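Structures follow.
After this come two complexes, each holding chain A, first together with chain B and then together with chain C.
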Partner chain A sequence: MAATRPGVRPGRASQRRLAILMVVPALWFVGALILGPLGYSAVLSLYKWSLTDINQAKPFAGLANYRKLIDDPQLMHALQNTVVYVVASVTVELVIGFLVALALFQMTKGRRLANSLVLLPMIVAPVITALLWRYIFDPQFGLVSQVLSSLGHQGGIDFLGGAHLALPSLIIVDIWQWTPFVVLVLHAGMLSIPEERIEAAKVDGAGHIRVAWSIIRPGVIPQVLLVLLFRTMDTYRIFDTVFVLTRGGPGGATETIGLYTYQTGFSFFDMGYAMALSMFILITVLIISSGYIHLLRRREVFR
Partner chain B sequence: MPRPDNHLHGPAPFIASLAVGTLLLVGCGSSSSSSASPTGAATTGSGASVPTSAAAVLPSAAAGSSSPAAATNPIGSFSGQKLVLSRWAGDPWTAGQKTAAAEWGKDTSGSISIDAIPYENLHDKQALTLAGAGGYDIIYVHPSWFGEFAKAGYLAPIDSDLSDASKNPPGFSAASYLPSVLSQGAYNGKQYCLPDFVSTVVLAYRTDLFTAAGLQPPKTLDDVVADAAKLNGKNGASGIILPGKATGAVSDVMGSLITAQGNWWYGPTGKTTLDVAAATKAVTFYTSAAKYAPTGLLNDSVDEVSLAAAQGKAAMAISTTPSLQALEDPSKSSTVGKWGYVPLAFTADKPAGELIYWNWCISAKSSHKDAAYSFLQWYTSGAQQAKVAIAAATAGATKDFYTNTTVLAKLPFLTAMNQALTHANPQPSLPTWPKIQNDIETAVQNAILGKITPAAAAAKMKTSLSSNLGG
Partner chain C sequence: MTDLAHGAPVRKRRRPAGFSVASYAVVGLFLVWVLVPILVVTVNSFKRPDAIFTSTPHVTFSPTLANYHKVFANSQFMQFLLNSTIVAAGSTALSLAIGVPGAYALARLPVPGREWWARLILFTRMVPAVALVVPIFVIFEKASLLGTYWALIAAHTTFNLPIVIWMMRSFFEDLPIELEEAALVDGCGQFGAFRRIALPLSSPGVAATAVLCLLFSWNEFLFALVLSGQKTETVPIGVSSFIGTVSVDWGGSSAAAVIALIPIFFLGLGAQRFLVRGLTFGAVKG
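Moving on, here comes the complex of A and B:
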């Protein structure tokens, strides 16, 4: 029988061991499926390895791939595009999402139906969404061009092929698809606000705007932080929509860090550098996420 | 890392080896036809001049080298053998392949299941499958990753199969293929693959609009730009449309444009031979033509180009020959029979193009290599390729394919294609090419956007070639 710590009852110690034993399978899965590949990626980022040399020895390159990160102008360009994409998408999604969630919250009839309709875009696979928007944006045959043409504007608008419109067009697609997620989370947050608090404000003479600003807005701050955390991580790694709609073009105007990493690994076959890029994405996402998580833990400061 | 010297292809060996299969075809204009000439004169969408002119020369091209295309059955019996074939998804090719696979299975008692996935994912899927436990017997390999697969040992050599009389129909051997195209499937002196899907880049122009405007068919690229300027905006059509999206077609057009100036991306030593002046001229053409293109050029792939042209949105279109088939397809085109085709040429006496092709290869891990070879030999033969050509507008790579007058009549752009291939370089198959191709296409896009000059775009191409090819 195992020895027990002084002051700890034998029954509790065995319970703790049992608890640890029960967690072991889950830990093993986490280690095998998440930490293992991550560690392997980190190791591979130290090698000069081309995908064309799969059966050959990989020369050790030390930190060469990481030094290349610093001097890579294409990475800086992709990073700039990504930051614009993240900030614009997440900001607009948050504002629209809050307003729609508020409208849903204040609905007395048909809330369920409205909820279901609002969520529809989120259900569609991102690639299908991208294909859908590709035809909406098509300057020759697309829906927008047809409408504009009927209003007298001939020639179409170069949404995806124009240097200045391509990135905003991708942002619009993201907003269309992922605002429902924001609505879902914020609406759930609003429903958790004690009703008596809102009633009390109304009794004190607060109008709808005052209630929304002073009661509901502070009440959903934890959900806002949660949305920021998820949407920032998702948009930072955006790949599928960009790949289908523009492939980073025209002239690199929509190249994001996710697309650049994919191309480096699977189009240019430079897996060592692609792994270093992956590590860069991982570390930057971790830094951003830890900031949000820190705020989430201190959410009482917003109250 | 560049492939070994014997796999780097300059214009000279290519032109020489094409002589048997295609060079004599080009002579059609000088031999008899009044409507076609070796200087890039037109053939019409009706195809009326094509069979006459081409057939007049073809018998002499084929004489002594191969017999005319005749249907033969697949060789061998492979009862119970189940093969898996990897290719990209897209009709009419995939549907045609399924029909052919069923036909092969009926004759040999074997079976082939087709794993067709989007082109964008094909390389990754094939590479991961071949690097793992295998799973594929027959693989459709693009030139840009053929070198990678051959170098990694994923492919089985087929020299002994090609020379084994028992595995081929009477008279069929490596000599049955156009040597210049067959050699693209060789690596380190070993033959790994059999080619098909031969195509190139040509110009299509609306004969009705040209006639109405009193214009002659364009003979040079200067004519193309001038005609595009004159026709732009008339009859609801832009002057010209050409691919602008970075999907490989921009690089194919650029390859044709520099070949038309006697230049190429790299030479036999694997180092870059790009003449910046020639590249500048090519980019200048691209940017000049783009001024008369419909809105959205930089997001147009070959499919969008052919669709817009087929729907009457452009007076001219530069694209790959398989995609241009849409112009003559009544289910897709409102302009059927209104198209003529000419090769790209900076000077009328030197039409040029990039040779586009695909490789059929056998997986080194396949347990059914004999059956796989049986299918490859049968499918790439002239008779089978004739069926593919009529359905999908790609040409075969055997000499007897070019003796099939039915095919010649069905492909109105075949004369222009053959003229283009008299001065041609094969689509690069270097492992480093995808990165270079991306740099070339980004430079062209930036030049069209006006962010950089054509000279600066050409300089960027040279820099990319030098750094990726090691000099």
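Moving on, here comes the complex of A and C:
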């Protein structure tokens, strides 16, 4: 399929030269700033060195950093938190996102306005999102605590400082920021379902719920896979909001794999191990996403 | 249901069915949930401290611009705004300058193995910034680039360039190829066909892509945290320093957040149609 795509008069030598001239800067940049550093990381993860003596000799350590990775209780703990974060956020985002997209799809008026308002959270910088929710979750003056106290609940709740509430609170922040993405992608998917299919089902006497379940739900499976791909990848590497709101605390309750890697490198200065962790994140992300991409290519969402 | 119409003039339009009412309710509720945090911070930015830090909040308060005066008088925050602008503009310009020709070549020209290259670039979208920031930090440290604008511009180009290539490639592929063929017949040359035909015709796509790059760069946090120096810190770093401190200046930080949000909302609404397309690497045309 790839070779048959149209090109303007392929085959001429001058064209080929121009093609290479145009594409080489981009590929050079990708090589120098993405693939190069990743390769560098792969090599240096085999050495033992810390940032405090960056220019001193780094002893070759073989797979020592990777052996450490296998039985590092802190990494296991961070992975556990990350998995909870990924599964909870993505599930809730998908369910709410589908329902809201469905509702948007039924609307006849004000759909454009609603579309514009819905997208706002996902263009807010994660750091500013963290600031918004820092104020909403404040135990004394935050919106949630004030509403609770007006309902008669005594004493503020420390959402971000409580060992059991911190992780769910971060998940709520993710849901706020990214459910809109799910809504917009699924809504676009619903709009691409041929109208005759929905009309035909209605003529056959199917009710709204029946149409939603039997026509619309299967019709947006490619978009659901797409959402799963991007949301799983992005929640797995979550960093910004966690770093700003809790720094992994209290007592490691919100330590995620991204945050742990950052701290290993830039708080504990163990660069060799940080690079091994980087490799671990990279490889696990690639495994997860290649599964989804395989499914998506079968449905021809990605070529 | 008939109670609602009681006393009102009889309306001719068919009353919406229950399912449709429920739809509006669901969307309405969701919009409230989406907008409340943004409204809270906006309202806070107009409040005096004693109106924020109260255990008995009032619906009404006398608004003040004091917080905004304070932010604009703060030369450090103005520096953050300037730095963010330089980095976002620089990274966007660099990504477009090398990405648009590359995208055209990958869409139209006989690049050896072009599908393979395109896939490689899609792969770079999967690379987590956390995995990239550690080696980039070490390399830039050795090259004495830390704390310069170039460090941030180059780092932000690592995520903007793949977006430019995939977005623009799909825009170029959507153009009818006959126009470029006609230009070639008229003796334009292949590069002329790109510069005089394909590029002007896809200028809306270039504009939308530029907006997305500006947006992603303006919002980026991790690279800015690790690679910036005192003189190159961007707005997200400035805002994050508000949150960490013990005695938070709610009014001031809210005003700063609102100021940082305004350009983003304009950009985001301007590129609304292409936002999802960019975020999904062209898979959703929207």
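The rule we apply is simple: the second predicted complex is superposed on the first by the 271 of 303 C-alpha atoms of A that agree within 3 Å, B and C clash if a C-alpha of one lies under 4 Å from a C-alpha of the other, contacts with A are read in each partner's own complex, and residues count from 1 in each chain.
Quick note on the criterion: contacts are C-beta pairs under 8 Å (C-beta built on N, C-alpha and C of every residue); 3 or more make two chains touch, one makes a residue touch a chain.
Just so we're clear, the structure is a prediction, and the values are computed from it rather than from any experiment.
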Touched partner set for A:124, first chain B, second chain C, both or neither: second
Larger contact residue set on chain A - chain B or chain C: C
Partner chain(s) touched by A:50 [first = chain B, second = chain C, both, neither]: first
Partner chain in contact with A:246 - chain B first, chain C second, else both or neither: first
Touched partner set for A:140, first chain B, second chain C, both or neither: both
First (chain B), second (chain C), both or neither touched by A:100: second
Touching partner for A:266 - first (chain B), second (chain C), both, neither: both
First, second, both or neither for A:161, with chain B first and chain C second: first
Chain B/chain C common contact set on chain A: 54, 140-141, 243, 245, 266
Touching residues on chain C, where the partner in the complex is chain A: 19-20, 22-27, 30-31, 33-38, 40-41, 44, 52-55, 57, 98-99, 101-106, 108-112, 114-115, 117, 120-124, 126-139, 141, 154-155, 157-158, 161-162, 165, 173, 177, 180-181, 184, 190-191, 193-194, 215, 218-219, 221-222, 225-226, 235-236, 239-240, 242-244, 248, 250, 253-254, 257, 260-261, 264-265, 267-269, 272, 275-276, 279-281, 283-286
List of chain B residues in touch with chain A within their complex: 1, 120, 123-124, 127, 131, 147-148, 151-153, 244-247, 294-300, 304, 307-308, 311, 313, 431, 434-435, 438, 441-442, 445-446, 448-449, 451
For the chain A and chain B complex, residues of the former touching the latter: 50-55, 138-141, 155-163, 166, 243, 245-252, 263, 266-270
Residues of chain A defined as touching chain C within the complex: 2, 5-11, 14-16, 18-20, 22-23, 25-27, 29-30, 33-38, 40-41, 44, 54, 96, 99-100, 102-104, 106-108, 114-136, 140-141, 143, 146, 149, 176, 179-181, 183-185, 188-189, 208, 223, 226, 230, 233, 236-237, 239-240, 243-245, 258, 261-262, 265-266, 271, 274-275, 278-279, 281-282, 285-286, 289, 296, 301-303
